[in-house]
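Letters A, B, C, D and E name the chains as they come in the text, with residue numbers starting at 1 for each one.
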Amino acid sequence: MSFVTVRDVWKSYDGRPILERVNVDVEEGEFISIVGASGCGKSTFLRLLLADELPSRGAIRIEQGHRAMEPNQERGVVFQRYSVFPHMTVRDNIVAAESFGTRSGWFFGKRLRGARERADETLARIGLSHVADNYPATLSGGMQQRLAIGQALTAQPRILLLDEPFGALDPGTRLAMHDFLTELRARTKMTVFMVTHDLTEGFKLGDRVLVFDKPRWDPHDPGAYGATITYDFDARDEGIPFQTIKEKTHVPVSA
Amino acid sequence: AAEEKTDFKVAWSIYAGWMPWGYLSDSGIMDKWAEKYGITVEIVQINDYVESINQYTAGEFDGVSATNMDTLSIPSGGGVDTTALIIGDYSNGNDAVILKGEGTVEDLAGKPVNLVELSVSHYLLARALDSVGLAEADLGGVVNTSDADMIAAFAAPEVEAVVTWNPLVSEILSSNPDATSVFDSSKIPGEILDLMVVNTQTLADNPDFGKAMVGAWYEVMGLMAAGDAEALGAMASAAGTDLEGYKAQLDKTAMFYDPAEAVAQAESADLPATMTNVAEFLFDKGILGVNAPSADFVGVAYPDGSTSGDEANVQFRYDTTYMKMAADGSL
Amino acid sequence: MRLINRRPSRPVAVLLAALPFVLIVIAYMIGSDLRLAANPQDKLLPAPSTIWDTAVRLFTEPDKRSGRILLWADTGASLRRLALGVGIAAAISLSLGVLIGLLPYARRLLSGFVAVISMVPPLALLPILFIVFGLGEVSKVVLIVIGITPFLTRDLSQRVLDIPHEEIVKAQTLGASTLVIALRVVLPQILPRLISAIRLALGSAWLFLIAAEAVAADVGLGYRIFLVRRYLAMDVILTYVLWITFLAFVIDWALKRLSGKAFPWMGAGL
Amino acid sequence: MRLINRRPSRPVAVLLAALPFVLIVIAYMIGSDLRLAANPQDKLLPAPSTIWDTAVRLFTEPDKRSGRILLWADTGASLRRLALGVGIAAAISLSLGVLIGLLPYARRLLSGFVAVISMVPPLALLPILFIVFGLGEVSKVVLIVIGITPFLTRDLSQRVLDIPHEEIVKAQTLGASTLVIALRVVLPQILPRLISAIRLALGSAWLFLIAAEAVAADVGLGYRIFLVRRYLAMDVILTYVLWITFLAFVIDWALKRLSGKAFPWMGAGL
Amino acid sequence: MSFVTVRDVWKSYDGRPILERVNVDVEEGEFISIVGASGCGKSTFLRLLLADELPSRGAIRIEQGHRAMEPNQERGVVFQRYSVFPHMTVRDNIVAAESFGTRSGWFFGKRLRGARERADETLARIGLSHVADNYPATLSGGMQQRLAIGQALTAQPRILLLDEPFGALDPGTRLAMHDFLTELRARTKMTVFMVTHDLTEGFKLGDRVLVFDKPRWDPHDPGAYGATITYDFDARDEGIPFQTIKEKTHVPVSA
């Protein structure tokens, strides 16, 4: 059986369909890039995977488990912005990834010291040791995203969700982050879903690239139908894709 | 600097003995008398009694309804030479010291007393304590309490005694069966005088202003003395009560319906003693100002030409000229 | 050059900043002079020298009867009431704000209610307060609390709602319970906002304090002002008004400093 | 499921929103019953039926003396004062806000002054106001103006400063003079903010109105409350309090609507 | 003589030098791309050209004219954000470019109708006719930047300054904007300075590419010296640059 199973998922907001008939199976350790036009529902799909929103119809399961009703430690996430806590130092942001799961949310004494040491190791690994006591606002965008990823991974999620994590970075920093992510993956073998606007980035990092688009559309009412996965590329072969067309796109629906 | 003018403004505030001013203005009697002397007099009601005196002191009004004590402390103490044009009444039970539960003035010892500080209530309290040989220091403190909230205050658990005036007194006594009046102004008759005071200079320059005011006032006094239901009813409703309630308040007010009585009060030999008493009270409380060297720093002149206090600094004058004209029917 | 692009030089800037104050003082002096020329006893606009003498006396000379320096006693009493009132209001509004902002159930339950309550004019309810809370310190503190809590609560709950949803989601993916989110994500982030909300509300707090002290008190800044109004002692009133203005300014400044010191992470925002 | 993720269903939400109001009414009824049982003459917490009767009377029966329905006369007078005061304050603070925010010279000249002025407790200045502006309508309006203008001015000038510098530069490259920038770039963009600032300041405006009417007036909502306070006519006071609350709510709602209608460009921000 | 002359320009903030010894000559109609590390002073240089800031030393002149003391109609500008007026409709934003120069800032009657017609022509040219009555907030980022450029050009500036105009756009939209700009240039022959983070973009669009960098630096005090133009590439030859090294970079200064 596959690791993540998405079965006939529909999602509408206020009766307006955004996603329809989404089906996909993902193996453990796969890196899935998700691309598609702006506003087509990529972030929505990620929120469904995160269980921050529930599908209007259909189900998403990890290892055939229960359907999650809300975000939990199984699913880590990094957004384009606001992914770290601005009121905690860089080190405390990492410690929080351990301590938030406890009843009070605080560590004390020996446990705190232990967590701090582990946090410092993590920071060394992601190259942020020199700013451990700084607040995130003083970090560059790239450093903040590295911190966010380090924090998400500290909680040891089963899948990691990235929503345009490098969208706000300049091209140079972006390339550095690609290397950082590739290196991390080589070490952890995490299952990752990453939404990106940048097709090159998607193919470069992903094992598979899912394209979201509206297969059906009504010329008189562009909002009448939702998007689904129209292509599912295998990108493992150094970015030279062989493609699986899943749906014919832009079939006009006679009104 | 003689300053003749034809438009005058006087202020008044709600109190049993001053309700005629409202009626004077509403009924047109004031206009009638003003017209007779070729002037206009605007009568303005002001909610806040202290504010009305302050406004008069600052020169906004030519006259104001006030007690003898407040006249001495605010305008006269503030250097505004002021004449008592009309002595309307004296409080004869309208002001009272009220205790929760049974008791006498002696029982005030050790208790906090709620009152409008530095007002006639405060003076009444001082006189009450005097009468039994107590001093303010023997009380459990004096708490300044707005007259508007006196009734609510009396209902508060920690309030043990209040000093206030009508209609609050009758309201408190009637709605609180356990309230006892232990001292009231009927025990010090003639000491709390309710006046219409005017600026001395203005009056001197414009005798017609005095004549119109006094003439109008005693026309209404005549109506009241005759029990004119229309006039009394109007005053009662303006005071926020009914005819019965207003009459009950008037019972505690020694109105001088006859100008001759008012003249007699002004010429009474007790008046200088009362004013000296009041001045001492004010000085004791520091109300005459920090620069006041003594209690007799402000001089008060009486109808017979005698004075009490500092002769060189006469700022408060009892003048019976106009009331006598009314008594003589020469207005 | 356009006016918007003209910048005063340093000395001119200092002069400009002082100008309105100087003008006000001069206007006052002229007004005072005119009135005192007409009536040397006039109390309404005492000469600046008189105010100065009065101020010195108020700040240094003990009261004959009680032996205390009244101004300091008044200041102490008023500041205590203010601190208590604002403190309690802050505690209540912090809890309510977090609840309303974070929990949909609490939001439904309370946000409409708070919106309506914030429209009630508290001064009109004074009689009820007196009966329920007595005439002592409690009712004055309660008036301040009632007066500013709705405003603080609305402001804080809006700030909680403004916290990026991403942060709340992130906390959940780190396993945080509702309590942990409230205590470790939301609370620390709205504390700086609490301080600025308090700075905004302090004006009203002073107002309610003065109003309460005017109605029933035997010590306090508002009490003194309304008491001496009885004999138009404008020198005392003006001294007290300037003193209150100064106190308000110092408190405002201190809160601003505190906010900067206590929340170093509030740099440029994330 | 965490509490923060639980959302009440529609009917539950309506019930929840009504709950606090229902509880307050019940608590009042119990309190009123207890007091009336102890003393049937008690005036502090009149029975709801009494309040209702009083309210009906106040809204419909004309006054014997004047023949007018007092409540409507009071409402008219108070709303006129409020509208005038708020309107004048808005006009002043709009001009000052634009000047302070846009011109460095004006900023130097006025911003410190406004900051200090905003700390002065206006209630303490009442006696002076009455002397300077008389006891008529003017002084009441002026108290409102003095009370809320500093707040509005500080808020608006901050908003002007918050307008992205890029926009001002762009306007200059299109040849705009200072006047054109003020009128066509700055003013339209702070109008919506003016409305929200007014919504925030309305509470204080009511407070000042009620305080001014308590001292010197012969008609007005605050005057009436103050007048009947002497007799502890809580049925009248409560009717007036509820009526003021209702008016405040309607005004707030109307301003919110106005803002939405008048400034369609305020969508999601640029 | 050259069209834009920059002579020995220095700029410091609070005594800290940002730019030093900047010299450059630009011919009329040239498209100058400006690149450089983040925070090195590119935007500052643009603000100097704009006369939004004045140089601490040195002078910038257009056609040997007076030194400008503040922004004026000679210099048009487009920023990354906030370049259009959010409270005016798309059409009014274009009309404003004409009417702002008048005394009152408003057009009435016939003049207004004329300006509206010209605005509609401009909108047709930049492909925004269908949203003429919308407010900018409802437009996509790319459309907003097209509007900003159209607005700037309506005022007929002598030079056009662009500060990362496409920095906030996604790659697809960015490419479309490149075409749009190239096309516009072909028509107007405007002198353009464009700051960009993206080297490719700089070479693709520019006739010359100026690189800002710190030629001198003090290892003990990195903020002690300012940046200047270290390279001046000719990019006309289809992006294959032949370079003019103007300064040796990163010469350590003995402390």
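Going forward, a contact is a pair of C-beta atoms (placed from the backbone, for glycine too) under 8 Å apart; a residue touches a chain by one contact, two chains touch by 3 or more.
If you're wondering where the values come from, they're calculated on a predicted model, not measured in any experiment.
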Length of the shortest touching-chain route, chain B through to chain E: 2
Same vs different contact residues, chain C with chain D, by half of numbers used: same
Chain located farthest away, centre of chain E as origin (C-alpha): B
Chain at maximum distance from chain A, centres defined as averaged CA atoms: B
Most heavily contacting chain pair (counted by C-beta pairs in contact): C-D
Mean-CA-position distance for chain E and chain A (Å): 36
Geometric centre distance via CA averages, chain D-chain C, whole Å: 18
Chain A and chain D: spacing of chain centres that average the CA atoms, whole Å: 47
Between chain A and chain B, centroid-to-centroid distance (C-alpha), Å: 83
Residues of chain D touching at least two other chains: 2, 44, 127, 131, 172, 177, 229, 232
Shared-contact residues (touching 2 or more other chains) in chain A: 70
Residues within chain B bordering two or more other chains: 54, 58, 148-149, 152, 155
Pairwise chain contacts under the document criterion: A-C, A-D, A-E, B-C, B-D, C-D, C-E, D-E
Residue ranges of chain D touching chain C (in the complex, touch as defined): 2-4, 6-8, 12-13, 16-17, 19-21, 44-45, 102-105, 108-110, 112-113, 115-116, 118-125, 127-128, 131, 151, 168, 172, 177-178, 181, 203-204, 206-207, 210-211, 225, 229, 232, 234, 237, 240-241, 244-245, 248-249, 252
Chain B partner contacts - residues on chain C that touch it in the complex: 39-44, 54, 57, 64-65, 126-127, 130-131, 134-136, 214-218, 223, 226-227, 229-233
Residue numbers on chain D that touch chain A, as the complex places them: 1-2, 5
In the complex, chain E residues that touch chain A: 38, 140, 170-172, 197-198
Footprint of chain C on chain E - complex, ascending: 69-70
